[in-house]
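Letters A, B, C, D, E and F mark the chains in the order given here, with residues in each chain numbered from 1 onward.
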Amino acid sequence: MRLLVVNSNTTDSVTGRIAAEARHAAAPGTAVTAVTAPFGLKLIVTASDAQVAGTATLAALGAARGTYDAAIIACFGDPGLEAAKERAGVPVLGISEAAFHAAAMLGRRFGVVSFTRALQPMYEDCLARHGLAGRCAGFRSGSAFSGDPGTVAEDRAAMVLELVDEAARLDGADVVIVAGGPLAGLARTLGPRVAVPLIDGVTAAVALAEALVRLAPTVPRRPPREPAGLDPGLAALFA
Amino acid sequence: MRLLVVNSNTTDSVTGRIAAEARHAAAPGTAVTAVTAPFGLKLIVTASDAQVAGTATLAALGAARGTYDAAIIACFGDPGLEAAKERAGVPVLGISEAAFHAAAMLGRRFGVVSFTRALQPMYEDCLARHGLAGRCAGFRSGSAFSGDPGTVAEDRAAMVLELVDEAARLDGADVVIVAGGPLAGLARTLGPRVAVPLIDGVTAAVALAEALVRLAPTVPRRPPREPAGLDPGLAALFA
Amino acid sequence: MRLLVVNSNTTDSVTGRIAAEARHAAAPGTAVTAVTAPFGLKLIVTASDAQVAGTATLAALGAARGTYDAAIIACFGDPGLEAAKERAGVPVLGISEAAFHAAAMLGRRFGVVSFTRALQPMYEDCLARHGLAGRCAGFRSGSAFSGDPGTVAEDRAAMVLELVDEAARLDGADVVIVAGGPLAGLARTLGPRVAVPLIDGVTAAVALAEALVRLAPTVPRRPPREPAGLDPGLAALFA
Amino acid sequence: MRLLVVNSNTTDSVTGRIAAEARHAAAPGTAVTAVTAPFGLKLIVTASDAQVAGTATLAALGAARGTYDAAIIACFGDPGLEAAKERAGVPVLGISEAAFHAAAMLGRRFGVVSFTRALQPMYEDCLARHGLAGRCAGFRSGSAFSGDPGTVAEDRAAMVLELVDEAARLDGADVVIVAGGPLAGLARTLGPRVAVPLIDGVTAAVALAEALVRLAPTVPRRPPREPAGLDPGLAALFA
Amino acid sequence: MRLLVVNSNTTDSVTGRIAAEARHAAAPGTAVTAVTAPFGLKLIVTASDAQVAGTATLAALGAARGTYDAAIIACFGDPGLEAAKERAGVPVLGISEAAFHAAAMLGRRFGVVSFTRALQPMYEDCLARHGLAGRCAGFRSGSAFSGDPGTVAEDRAAMVLELVDEAARLDGADVVIVAGGPLAGLARTLGPRVAVPLIDGVTAAVALAEALVRLAPTVPRRPPREPAGLDPGLAALFA
Amino acid sequence: MRLLVVNSNTTDSVTGRIAAEARHAAAPGTAVTAVTAPFGLKLIVTASDAQVAGTATLAALGAARGTYDAAIIACFGDPGLEAAKERAGVPVLGISEAAFHAAAMLGRRFGVVSFTRALQPMYEDCLARHGLAGRCAGFRSGSAFSGDPGTVAEDRAAMVLELVDEAARLDGADVVIVAGGPLAGLARTLGPRVAVPLIDGVTAAVALAEALVRLAPTVPRRPPREPAGLDPGLAALFA
């Protein structure tokens, strides 16, 4: 199985981290290709960032069309996800979507922890759109962040650990999502130190994408459209 | 007051219709400028269309930055609306948003009528995102449509009239929204023939935008970002 | 345009404050008339107060029937609002209704701040009835209040300022409503000192009422009834 | 135990019907007094009717203050109920409230049937306010009605029977409420002819009021207020 | 009237406490029989406990079939309640169900207080299933508990008193439920010391069961089934 | 990986069908063991059936404790699921849970189709408990059924096909669940004949269970309890 992983931001070091985690999570027969968004922003924080990142993600999906059996949008707000599902012809999963569903299947109430409060509104809207808000025990986020998204996983590991503990102890979460593309892999590192299962979005998305491909190897595509003025990748997705 | 109206699809005849309706609705001191999306699709129907249209809408808003006191996104799914609100620095309204709020203030339950069932899922998601689903008496839509968006208002006027009647009589709506950019102006034509107030999104957006500018002439902008690879209009919006 | 503003409580100094704010907000062609509830209570705090205030408000609307093109119920719980909409024949807005809709159009999540916790249950019920609870970031209220409603805006200005700051900083509100008829005008005074737009219910109601009159100059009235034993104003509303 | 039953409309024949049904339902030690609203309308249909009826109901409760251990508001939209609960000092139940709670305790999903569609919006709003909408299988209502509220129970018995059958068979209701003060007693007549339990609001309210008085013989009253210009009954309730 | 009370846990001292409270609450003509679950756990805390307790409760109900006119499941999570309602042929009430409905009829928002946080998730799920979450002002619970369920009511009386005060003062509850079978009777003891009505589940269930029996002396049973391998009590319930 | 599949009803031919479908769906390294509920009913239709089936399912899980790396509860209402998750120590999935999550990840709105209307209330409650009701386009069910659960998949294939078409065409479902343990495998047979992806609960559960085992090979167990009077399998689960 060929799995395409799109990092929706333009930070290559984050793409590298995501690719490593995806390959670590993949089953033996799965070949992972990771690409960086062809345009956009270094970190996706707000709705305007996500609007642009969604279109960049579609362009990446279109540019690689025909080369993958499933795709993952590796940015925690799932930019462009619904559009991608309509047009890809194969299963597409967002890492927040995958994390929410995996957590809901593993426990009764899940917590969501991330490294900066600035991301929380986008994550909350994303959760609501996926329809699983009723299963969430709450969000816990770190303070404002202005550092390097490529190393924030290490820089804020201790803070995340504390937030996980609060989610379990104070919010009653029996499984906790470590949210955000830049934190890919951190759940695996911290897992042995906490009492509840930790969910990493990339890992969850890889395992669930492999499952979905077996359940629905093809997904109906919407009828072709004839867009004007789009970059070639984006145009290819609508063809 | 300078009001920018963006038609999020690329059909110039729809832009013309919208512009005419906006100018008809505008107060004496309001100068209306209407622009067509610089790229994208002729009609916005699904989530993938809306994703691209949202980015095109932002590009149009950015290209004209500094030339308007308020803006209207004249496409019924409100593509790019949340992003635009974060970045425009002035009030921005979508025509569905304006229609939902106006209808909610004029009656207890509003119906939503449009010319083709294909648009309904996008409209329902849009309503949910605005948080007003609890005020909606239901949607009623026409059959599949493959004609000219520029003349559908005339072509399907009788069908819309019948759907309005059903919304009032069967769903208990005491106000009805005639939804869709391509139907701009139809509510005004049909209004005298029905017993409930009809809401046109463009008209509602013009009147409410004029009101909001008085309430909040400036709106805080999110901090500038440094995007890469964007077209100049889009880049200007993030500057 | 002739705009009737009804203060639903019996405190004339509050009527004066509301009238001043409404006139300040009104467009050049709008003539504002303000009246005090003909019976009832000095401050509307609980559901039983609101029940009586609603009927008093209807009596005021009926007594002035035919002299206004739109009406505002200037009491934050919107007493009598749904009844008034059924019977007035012209647009009627409550100041909480107007504030909720204006805030929802200007930001993603709004906070609600008021001078005393005693009002919060009534405001929360009011918000739920308008269907916009999903857009609210939370309420923040001052302590118990037993002073003069006519001067509470000045007496508790500092407290309100602090609550606004908490709503923005801790609750993530990107627009904040300063709630309560007795606080009319305070949002305008405090606005320059805070980072988020402040919404005053009276101001919002005036601007939105002017917009609605253009969208629906008349609103269908329910069939006449023949009530028994009502005061003449109330009876006139049902005629 | 002394039980006051207030008919919130001004039709004495409906009061008589309600009183008979309440006495039929009452336990041996319960003395039922029934009163007609001192002012208002012959039938309560819309929100404006209910606003006036609520105040009339409070006036009736205040006029009889001190003479009852519990009270019932015998009008299906429960006009004035929340206000009455704040001020009566003893348990007060609305007949819709009682019917909703009794039905929810007797089955998994209840249907609501009434004699005219005109009442349905008021009943739906009432259900939402009581917070039990999630337990309702749906409403079924007869056509427009312009006859005598005092004899509608007999005139439309066959229609109600058919609606009950549809609620059970098509909506999956396992208990059905026969709604509306003017239908008091009809559930008892029709009960033997249907497969699901039928709930009559007055009967439910009597039985539940007797239960509540044992659970909470007194209920805290809100602090006294000094209203101006109220009729003596209403003023007594606030004293 | 013959009332069967089933303690769903296997602690006989709790059964004794519940029986005493039920008899104290019962009307003169009501004969109370209390039984202990025939198998299961000493205290019901989690979903797995409740699953087993529910089946044990059904076995108790089946073993006594034909000897009661109504039944109460006296365990706060209401284990087996929906199943019992389908099969008993007479009204069955859970003590949490009874407490939620009684509290909702006595106030606008109820608080729920219990002796240990471990029970809270089960109670919250129970409340959601009954559809009354929108009426709840919040839960307040004591710390972890590992003592004797038979004496916890006395051991933690002071803690419960404090939690009741917080529910009223901080959460705005105007009525408070003292939750948990092992706390049966505590509400009656503490009642005189607090400003809001306290609801005891057993007491509420007795009074409401007496009311329901008058409203629906028989309840339709689902068709008989032929289960295999069940204990005789359970089999009797399905016969 | 060792996967235990529990058929919660006592019909061996259904177990056989489920086992065959599970083995067909399993990845090469997965060994499937299927067991029939040790006691209970031939078909699980209502809440009382599900209560007993849940306990029987736990007994089966306990009896086989230590012999599986994940378990599936192969009965569409997911009886005993939450209890099983607390006690199994490994991932446990219900087939409705798996179907709901898989469908939600493959489309925007899923339909649910089953062979008899009698099952619909149980399925709806199950969906609500999983928190995904907001993603469901509606249920469509066949008429009453009194035949052999072991052959209903063949007997009602044509009816199911028609219901799937209605779900897609009338309800707007873009993926459809074929619900019910007795229909295991039918989705695979019908799939080529419909335009939308069909989801089979057993197949979805196998693929997702394999994914979850990789994400969380062990799941925290609740502390051991000392139940009394349970059958040995059940007791083993609590040890």
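Going forward, a contact is a pair of C-beta atoms (placed from the backbone, for glycine too) under 8 Å apart; a residue touches a chain by one contact, two chains touch by 3 or more.
What you see is a predicted model, and the numbers here were worked out from it, not measured in a lab.
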Chains in simultaneous contact with chain D and chain E: C, F
Shared interface partners, meaning chains that touch chain B and chain C: A, D
Contact distance in steps, from chain B to chain E: 2
Chain whose average C-alpha position is farthest from chain F's own: C
Label of the chain whose CA centroid is most distant from the centroid of chain A: D
Interface composition of copies chain C and chain D: same or different, split at half: same
Interchain centroid distance [CA atoms averaged], chain A/chain C, Å: 44
Centroid spacing, where centroids are CA-atom means, of chain C and chain F in whole angstrom: 53
Shared interface positions of chain E, touching two or more other chains: 47, 82, 85, 108
Full enumeration of touching chain pairs: A-B, A-C, A-E, A-F, B-C, B-D, B-F, C-D, C-E, D-E, D-F, E-F
Residue ranges of chain B touching chain D (in the complex, touch as defined): 108-109, 172
Touching residues (chain side chain E, partner chain A) in the complex: 47, 120-121
Touching residues on chain D, where the partner in the complex is chain E: 25, 27, 82, 85, 91, 93, 97-98, 101-102, 104-108, 130-135, 174-175, 195-197, 199, 203-204, 207-208, 210-212, 214-216, 219-220
Touching residues (chain side chain B, partner chain A) in the complex: 10, 38-42, 46-52, 54-55, 58, 80, 82-87, 129, 222, 225-230, 234, 237-238
